[in-house]
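Below is one structure. I have some questions about it.
So that you can tell them apart, the chains are marked A, B, C and D in the order they are listed, and the count of residues begins at 1 in each.
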Amino acid sequence: MPGNTFGSLFTVTNFGESHGPAIGCVVDGCPPGLELSEADIQIDLDRRKPGTSRHVTQRQEPDTVEILSGVYEGKTTGTPIMLLIRNQDQRSKDYGNIVETFRPGHADYTYWQKYGIRDPRGGGRSSARLTAPSVAAAAIAKKWLLQQYGTVINGYMSQLGEIPIAFESLEHVPQNPFFAPNTSQIAALEEYMDALRKDGDSCGARINVVASNVPVGLGEPLYDRLDADIAYAMMGINAVKAVEIGAGFEAVVQKGSVHGDEITPDGFLSNNAGGILGGISTGQDITVTIAIKATSSIRTPRRSIDKQGAPTIVETFGRHDPCVGIRATPIAEAMLALVLMDHALRHRAQCADVSVPLLVNRK
Amino acid sequence: MPGNTFGSLFTVTNFGESHGPAIGCVVDGCPPGLELSEADIQIDLDRRKPGTSRHVTQRQEPDTVEILSGVYEGKTTGTPIMLLIRNQDQRSKDYGNIVETFRPGHADYTYWQKYGIRDPRGGGRSSARLTAPSVAAAAIAKKWLLQQYGTVINGYMSQLGEIPIAFESLEHVPQNPFFAPNTSQIAALEEYMDALRKDGDSCGARINVVASNVPVGLGEPLYDRLDADIAYAMMGINAVKAVEIGAGFEAVVQKGSVHGDEITPDGFLSNNAGGILGGISTGQDITVTIAIKATSSIRTPRRSIDKQGAPTIVETFGRHDPCVGIRATPIAEAMLALVLMDHALRHRAQCADVSVPLLVNRK
Amino acid sequence: MPGNTFGSLFTVTNFGESHGPAIGCVVDGCPPGLELSEADIQIDLDRRKPGTSRHVTQRQEPDTVEILSGVYEGKTTGTPIMLLIRNQDQRSKDYGNIVETFRPGHADYTYWQKYGIRDPRGGGRSSARLTAPSVAAAAIAKKWLLQQYGTVINGYMSQLGEIPIAFESLEHVPQNPFFAPNTSQIAALEEYMDALRKDGDSCGARINVVASNVPVGLGEPLYDRLDADIAYAMMGINAVKAVEIGAGFEAVVQKGSVHGDEITPDGFLSNNAGGILGGISTGQDITVTIAIKATSSIRTPRRSIDKQGAPTIVETFGRHDPCVGIRATPIAEAMLALVLMDHALRHRAQCADVSVPLLVNRK
Amino acid sequence: MPGNTFGSLFTVTNFGESHGPAIGCVVDGCPPGLELSEADIQIDLDRRKPGTSRHVTQRQEPDTVEILSGVYEGKTTGTPIMLLIRNQDQRSKDYGNIVETFRPGHADYTYWQKYGIRDPRGGGRSSARLTAPSVAAAAIAKKWLLQQYGTVINGYMSQLGEIPIAFESLEHVPQNPFFAPNTSQIAALEEYMDALRKDGDSCGARINVVASNVPVGLGEPLYDRLDADIAYAMMGINAVKAVEIGAGFEAVVQKGSVHGDEITPDGFLSNNAGGILGGISTGQDITVTIAIKATSSIRTPRRSIDKQGAPTIVETFGRHDPCVGIRATPIAEAMLALVLMDHALRHRAQCADVSVPLLVNRK
């Protein structure tokens, strides 16, 4: 496959460029009969859209979604669902200065080398704006997973640059622009961001995502393991450089007598596995952590070269997120939802007849 | 796809169980005309086979590979290459005691829940033994990549349990049973392993893999990004819990002015990206780090339940690696080779006509 | 895959319903650097669009295509090309009468049984209108194939109902509403169609398609043979009931000494193979014949049942093609182009290095 | 995908060459818990194997199948099922004379052009011998389909060269070497074949296949229609040149008032559709007809060229079927079974929740 389709049975075929006329996706494989309206999708798009605080890009995009197919009288029909998002706030001129040069840390150089042509407007296809269609598609998956299994997926920021964010409660997450699970640190985070912007610099972030009430048995054991597909989905998000499941790197120093989660009739006694054993979901919470690099577009001058290979200096103006991690939480939730949805359909294709009395299925 | 096939154009369809008659794979999509013999493949299988030191499982498996198709007069024909490895040292009786119980940290419970039936002999399909066919298939990919681009892939252990291993030189790697790049620490590592075995416990490890002389332009930008597929491949290895590319989690604390790799006519000035920008290879070294959990099979008694959900105690005897990480290095190299091979073919399918003068393509 | 994506490397993901807001597709995998404008695509859409003569449906649809992504400054960028066609002439009320009943010969019954819900407006997803996106995508493939190999694809009607149409010349095809290669029979064809409409009946047709200047070597031998994929593409067109390649059913009575095409240094001496041997193109013309059934929507009363399983009588009014075969020629050409394009990319992925001196490559 | 894997959820990855050490396949996606033994598979392999009458090739191959994985204690486990068939009767020397020349009607020329290398022994990969693994895999599908839905698939020969075979009863099929549904014509068929062999010539055949008790709702409407996938599967069989479903080419001359199958509360009144409407199964019998060309390997001298492009004469000796159609019946049944199995799994992945009261579901 050419690479712009996510999933095998619940598929998302993504198209568009940052400053083209529109972005969107075709969602195929959605079960029929699911009640679906644009409002169901808009909620998640609004959580990810730009311009919602001074700490993110000021590009004004309502990210209004239109459903152009696959829904009849308020229900999915089992045919492809086309989701269209028109780009509103295009300012190609902002990018005129980068047509001939390669911005350090960006995909300018690699696109040019791979394709011999690139759309430089806002990074074109390589812009994080292309995560919007994934978020829109995932809203459908989240609704179905919730109805089928009561599955809920929650993410939050656990570190902003050098500042670790203590976990207080998921209830704090919607109450601040950072998706931080801790309101008491918001002032410190805002101060940190303001200083960064003043310096014309940017920073990274760490995001955690947790899926609860996941059915046991999802995942194809050998290559298409549930953890493998989660890693693929997360590392595929723009700017992500690392993925951990469960104990993650901590597992290196854990002895076997510590790491292996013991089981009792009342459930597992720990969750170092992060809800996945042998590539298959255990029914425990699926816990994922990702690392997001600092935005590459900064005002600080950086050395680079132009298309002729001559040395040049790049300073990026225009509108950019000083920390792309701030808007990454709903995106990470979305990617996890897409993986779970796809594996839920794959599981019932092969194992619909299996009726094992569920044993322990608690946290 | 049912999940046991890796790749899209260079595919590996893996079959077998730890104690069944045989394991192996069908490799499809290999370009025709590549000189190939069983010896080319055996080299890599020998690096990961068991019983080579007292620090790994004592199961005796020569892992001898037979090529049953796809090669004619010493050259690949472009048709499927069938690689068969007969299991020699089966001791099903070792596993009789786990038929009715679920070993903590193993896939016993999830297989049972997913399929309603499982082959308990040595973990059946969930055994790390099933990485052997991947290693065999990757030997073909490595040979082709080396001939086409001079690509070489090297891995090494950078931490064993609590002991970080300082990098001295790749030359040390083949000279010790740990794939450590540092001979001076071997005594300490052996002492550590002996103590672990004495305690009936196990430990984790950190492995690094580096691919050099990678062509620029590999990777499909949106979902099938090169980094996303590497994460999928690595997290799909048994016992892996985390994957980093380039700076990895360090990217969280790096400022944008530090992380973004500057470019000069002489090449990139750093490689925080780990050789991938926007999901596409830059031509720099691709650097990957993975975390491997401790072996779950230990003599230490652990709480669990049986198929009826009743509490029980599990002590695992039989033959096991006290640190599965020790044999993980050739496996991680193999998975990276499979990803690069697949993307090399995908790239030339779409971009065979692109002829951009390669700009900087050095480390 | 959920079934609405055509191809493996040059993919077309199709969406929409006959009377929804829009139809279209996302074309992924197109090589970069191809000059492309909406005009290139409109030409083929215009050949297939309705309302062009009294012998086809009078629904007025300009079928104007918009390119929403994947093209920058007049050239393809290697990213997904989104093609949108807004539906203009929707008359849902025409279909109110079939919401509760199943039209004989239509997909009403099977959609209802499969999905438990269906969009009845003009057949919804099952309408032949959904061939328009395939035609649009194929216009891109045809342009690329022509530039790369000089490949040209021509179709024509060889039989209308009971009337065989003698082949005179391809030059006649664009000069009549039937795509007939014989202008002298047009009057007879029109008379036949007028009588059919008067009777409230419909008829079938036979269409031939020929691809010339096809490169030798396209096709994956075992399952994804070029002929197998052509059969899949053709039988997938609405109303097609049979597919022949080369001699087709005539091969049943041909002796081996007659059927097997002899080869000389000047080329093949015949083409009973239809340009494909062992599933791989020979370089000769690829010749395909398809059978198209009569339109199922007719004014003649037909017995059927309603959703409750009660007997009813169906008479279909609204606007319909009395012979869907009339507009099938450009569709059949399009499907053949999509198959050849996909296999051209697949071939160079695996065999880009093969340099066999082309032997005979003539008709 | 490289082309040697059939199916999307129930996949068959086929390997081997006519005179290599072995042929076989990996079957992935089989539901767990199905009772399966080698005997279940051998039955179908024996129906297709060579040497069973004087009218087929005298190559002696027991085609004994070994199950090397995926079955534990007599039941499928949901993991890949590896089926191995060792080649016994290899006579490479028979083929020495064709190493340098291209046999008319064979794939010699196209393989050479595509790959630049070919295994000439018995046609290597292009031999009809490679249908054996498909037949073996289909035996698993047939068993599952029968248990799940009572689906049965029967094929028979309806024409041998110029001789049409009247349908008397399926009971006659196993009682003669031609799979003819009419014992009274056997003498005439044998006489015809004996004359052909005497003349050193060969002939074609027409085969019909019928699937009964097919569940309603199988098939993905737009591209992966059930009829499209059947056409792909049938045209993919060696020597097949045409495929009809239902009325097939007869549909060209049928008026809409004749072709469209009327529906009553007691069922459909006819089956011109061949059990498929809009690409989805109706529950009626699925009826397929295929045309098989005459064997290309004949003793009659034929003109051809050698690898240097110089003219030569080819007379094929060795052991060949004078009519490959004779052994095609079990192969056609197998391919239909594989298509139905795959679509049955695809259907329940997406529509497992759909519970429409089945309306008419009779022939």
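Convention: a residue touches a chain if its C-beta (ideal position, glycine included) is under 8 Å from a C-beta of that chain, and two chains touch if they have at least 3 such contacts.
Source: prediction; values computed, not measured.
Judged by contacting C-beta pairs, the busier of the interfaces B-C and C-D is C-D. The greatest centre-to-centre distance from subunit A, using averaged C-alpha positions, is reached by D.
Subunit A and subunit C have Cα centroids lying 39 Å from one another. The mean-CA centres of subunit C and subunit D are about 26 angstrom from one another, to the nearest whole unit.
If each chain is reduced to the centroid of its CA atoms, subunit B and subunit C end up 45 Å from each other.
Each of residues 1-5, 8-9, 14, 29, 32-33, 78-79, 114-116, 125, 221-222, 346, 350-351, 354 in subunit B touches at least two other chains. Touching subunit D in their complex are the following residues of subunit C: 1-6, 8, 14, 102, 104-107, 109-116, 125-126, 130, 159, 161-162, 196, 201-206, 216-225, 227-236, 238, 240-265, 269, 272-274, 276-283, 291-298, 300, 302-305, 307, 309-311, 346-347, 350-351, 354-356, 358-360.
By the touch rule above, subunit C contacts subunit B in their complex via residues 9, 29-33, 78-79, 221-222, 345-346, 348-354. The touching residues of subunit C, when paired with subunit A in their complex, are 1-5, 8-11, 13-17, 20-24, 26, 28-29, 32-33, 66, 68-70, 72, 75, 77-82, 84, 114-119, 124-125.
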